[in-house]
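In the two complexes that follow, chain A is the common piece, with chain B as its partner first and chain C second.
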Partner chain A sequence: MPLASSTTSNRAPWRIGQRALFLLLGASLLVLMYLSLALGYRLYAPTEIWGALTAFDGSETDVVIRDLRLPRALMAPMVGAALGIAGVLVQTLARNRIASPDTLGLNAGAAFAVVMASGIFGVASLPGLSVAAAAGALGTSFIVFGLAAAAGGISPLRIVLVGVTFAGLFDSFVNVVLTVNETMLDQLLFWLAGSFADRKIELALNGLPFVLVGGVLAFSLARSLDILQTDDSTARGLGVPLGVVRGLSFVSVALLSGAAVAMAGPVLFVGLVVPHAARALVGLDHRLQIVAAALVGALYTTLADIVARFVIYPREAPVGAITAIVGGCLLLVLLRRRAA
Partner chain B sequence: MSVLSPRLSPALLRLNRRAWIAVGVIAAVALVVAIGGIGFGSTWIDPRRVVEILSGGGARGERVVVLQLRAPRVVIAALAGGAMAVAGYLLQKVTRNELASPGVLGVIGGAGLGVVIFLALLSDESNSLVTSIVWQPVAAMIGACVAISAVFLLSGQQASSAVRLLLFGIAVGAVCKAATLILMIVGPIYRTTQASRWLAGAVNEINWGEVQVVAIGLAIAMVGVFAVARRLPPADLDEVSARGIGLNLPVFRILVFALASALTALAVAFAGGVGFIGLMAPHLARLIVGRPVLPGIVASFLLGAIMLIGADLIVRVLFAPTEVPAGTVTAVIGTPYFLYLVLRRGSTNG
Partner chain C sequence: MDKAISVRALTVAYGATTALDSVDLGIPKGKITVLAGPNGCGKSTLLRAIRRLHQPKSGDIHLGDVPISGLKEKELARHIGLLAQNPSAPDDMSVEELVRLGRYPHQTMLQPWSAADGEAIQAAMFGTGVSHLADRRLGSLSGGQLQRVWIAMVLAQETDVICLDEPVNHLDMAHQIDCLDLVTRLNREHGRTVVLVLHDLNLAARYADRLVFMKGGGLVAEGEPDTLMSEALIEDVFGISCRVIVDPVHQRPLCIPIRNSTPRFRPEQTA
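Coming up: the complex of A and B.
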């Protein structure tokens, strides 16, 4: 009977309840994105926002809404969705509930690659920097998982320790590049704090294809990932090409977290928190998990971005610091519960 | 009780003597490295002349370079490296965890948070402190001590697992760092720059006044260290056996945490968050001098000093004239070593 029920759920994963849930999440996201346009140092009425978006007339209100608020209202959900999906994949790949693009060092690797590309090799184009970020994340994932495999079946906790150590190493490399190249420091310091503020709309548009490709790739791997989360021999027995699935998953994770880092800088622990929420909502089916993680992640970062504007009003906190506090506390809770 | 006392066993006495000879050799190496560190710079000063200048002779121009510019930097590096190493030694002993060090147990993050809270709370409207700046290192120590105690309390039973304890430390450290970032923005701009300079550390702008502050603080802390050192071997035991020989382990632990926090806060205040010295120096010390505690502490101090002077020397050779933090070198050397420890199979529990 369990077999039968699992096949039905495989055939029709979009049950009414889940469809309603996704609709609800999507609707909340739209509301939050609207609030992201309206709330901040100044509050704007719906008519002002509508006017700025449809009939731009160069007034101060219109400029603030179109050039300052709109980019972050678009970028925050993209970054959240990307990191959320990447978190789901990474937690399945590492079979580890405290794995994430941050705790495995992938985001730090991406950030280091961006700093290297622009500081040492003079890459200035936005797609170039995104590619560099993805390459950095991919390289780091190979190093971290490679080391773990070479050491032979180390416990999942140790993989996280390895990842965190690499993150620290990349951070100090970034410091070296920034100290040697002081003109870069001013441009990059704000980016390195992790924030959606003062980003140009081009940055968001440039990240979009990376997020889309990474997300679609992740979704197409979902069935294999369902089997992969059991164990290697079962997966092999069911005819899942482990190497191919893992390799493609890493590519997807690299595209997603690379794009996120290139856009917003390191927004910490989003990829750790979101998969837990997604699993709590929809269970272990990866197709549902990925969609839920995308929506929840988008909601989470958009909300965090709004909170960041008010938590030390009238100044603005870097959103990365807000998510780091939430994520760090969740990590403590998970460790205490021995969830990992 | 007499069986437990290390004093009376002839075998241990012999072990101790060998350990102290090893310490003497390390001290000689430290001296050579320090003189080399002073000699190296934009102009190379011969070691013999460095010794001559330090003992009161030498030409006037070189005296200024050596005594005002280079010696303070080397001395502060030695003191900070040594303090980190001793902190690491204490933490490794008392947590019975070979992977422990101030950096990974949230101590450095806590110290930073302590400072920014101090600056944010005790500044008045016009951005000036309402109390003496002398209390800033104290705030750092309190922050550090609270952080590491939190790590221990939160981890509870899991503290016996080396890897789990570290993960708790990393999580607490991350939260502290994020809170620090937010408070730095809340605080007045002037204080922010001061705090960030403090957090980043700067060996390059050291004067003798600051050396004096560190030296005095360190001397006081070291008195405490040697006082608890006599009790350290039994702390290698678990809680029940410790109680059996009349040692209140939880209280003793807090005491050691406070000392390690004080040492770390002093080091971080003047040399910045230099990673891995607190991990590597105690390991190397135990490798060279073995189990005896007092020689182990002295050897850790000296090896930590050698490491930080050496790291500072390397960044000066490679990156001059820019001031790359010495922590980069220790990170590059320390990371592979730490990974080796973590990945070694069956090495540590958990």
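Coming up: the complex of A and C.
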């Protein structure tokens, strides 16, 4: 019989090393948010940015910084954090690490709702479309999880199959409608591609409470989510009320991905890739995973938003395309490393 | 005889199918009780019902004097631990992370981690001989090691009663003995009440203090293996003619199957 190593688990062993990591991620995020204000078609000096934020005088520089740059410097990290946390939750709920708000059809459902709102109810304003998008993501999450559960328990495979099916259905429907109706295509393309450009600051402020509530809810479920990584019988044997925890998790996912898609449109691959990076950094403890995913997600989208301004300079690329390209490559690397 | 758990007139149904029909059973405190019987006899259902994973159609289950239907989820999980059949966890979870999950029912939002948790985890890993594997990924373990780790997780839960649902199903002979010896040691040294589902009759006879035979959703007989295991009873329960001799090493009854006495009907083989 081997001797017990007496120190490893007397206390949660992660706190000290992880704290430094989180500080580093947080500091990097602040730097990127500053760069998001400074970099773009025009470059601004720190004094100009400071002036615009503290002593707004209506000059062109101040208008660009306050009304164009600031909303996206705030919105990009919020969307990234929301999608990162939602991704962690979805992957744990589905017990499947290729699950994400994308593969479960939440983005497609949101796009579908936006097209419906625009085509049938004539909604044209961005706030109106945002509400439609959030409702679409929320509705889809209930349909997908509901159908998977009704088909005999939430199995990892079934949930992704149902999700991919609905993603395909909604996508095709959107494509058909937009092919027929070119005016609508012009109106909605800016939203459907996923972007942080030309959003008003109000949109970010409206999204904030949803992201906060969703994030806090997710964090409060962390210990139960740890247990949900095991099979249902084991989880129930440990005293986890499965129905309650899953229900609250869906609410959190719906709030987070709904808010994200409402602000930026579908920003692809963030919810899929970020949880992998978070786990690689901090392991499987969900309290750590959720915080790490929020920070990494925020870093990722903020960086992508800055990169999007330069890849086809002087024009802007849709940020959703950047996150998808980079995210896809990153995922391949992660999968290769895991397989090796 | 002191009862850890009393089952009274318990009926459990899956839709229209009755899995357990009015079962009465007492689980003696501090003993190893083995539920045995052919596939589909309801032994796993009974075990899971004891852990309240099945809602009874009628009847009740008492933990000591308390009906389990009145207990909160975490409260019940502090009294009865369950090692499920074929449990699963992510391959990249570490041994210690898995064992740590066993502390869930003892933790609250305000008191997420205590020194007692750390001690329980250490003791559970030490007691099952997996301390040296603490940082290993589950995916890198052998079947025997993995089963020990799962037992450590249930042990860390520090429950008076431990239910194990076919814990040796996928293990080779050496690891089956290894695993059940471990369970016996936990019972003898820590006084834990153990309820086991086994379908290997000879393992059941060897490890049970009390043996319960089930068939078609009901109890057929219960008692100490030495007096209970008769050729007639085994033919009745398993539908197989056999000889029962005394195992020359352990002095326990040993069943030698001869042939299927009811070849018209064979229970579905899912081993």
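Just so we're on the same page, the second predicted complex is superposed on the first by the 263 of 340 C-alpha atoms of A that agree within 3 Å, B and C clash if a C-alpha of one lies under 4 Å from a C-alpha of the other, contacts with A are read in each partner's own complex, and residues count from 1 in each chain.
The rule is short, and it goes like this: a contact is a pair of C-beta atoms (placed from the backbone, for glycine too) under 8 Å apart; a residue touches a chain by one contact, two chains touch by 3 or more.
Computed from a prediction, not measured in an experiment: that's the story for all the values here.
By the touch criterion defined above, A:Ile227 reaches chain C but does not reach chain B. Among chain B and chain C, the chain that touches a larger number of residues in chain A is B. Touch criterion met: A:Leu332 reaches chain B, while chain C stays clear of it. Within the superposed three-chain model, A:Val164 lies in touch with chain B and out of touch with chain C [touch as defined at top]. In the superposition on chain A, no contact is made by A:Ser125 with either chain B or chain C.
Of the two partner chains placed by the overlay, only chain C lies in contact with A:Leu284; chain B stays clear of it. In the superposed model, A:Ser59 makes contact with neither chain B nor chain C. For the contact definition in use here, the residues of chain A common to its chain B contact set and its chain C contact set are 338. Residues 1-6, 8-12, 220, 223-224, 226-227, 229-231, 233-234, 236-241, 279, 283-285, 338 of chain A are the ones touching chain C in the complex. Across the complex, chain A meets chain B through its residues 98, 147-148, 150-152, 154-155, 157-158, 160-162, 164-166, 168-169, 172-173, 175-176, 179-180, 182, 193, 268-269, 311-312, 315-318, 320-322, 324-325, 327-329, 331-332, 335-336, 338. The touching residues of chain C, when paired with chain A in their complex, are 48, 51, 53, 73-78, 81-90, 92-94, 96-98, 100-102, 104-105, 107, 109, 112-113, 115, 117-119, 121-123, 125-126, 129, 131-132, 134-135, 154, 157, 165.
Within the complex formed with chain A, the residues of chain B that make contact are 154-156, 158, 163-164, 166-168, 170-172, 174-175, 177-179, 181-182, 185-186, 275, 319, 322-325, 327-328, 331-332, 335, 338-339, 342-345, 350.
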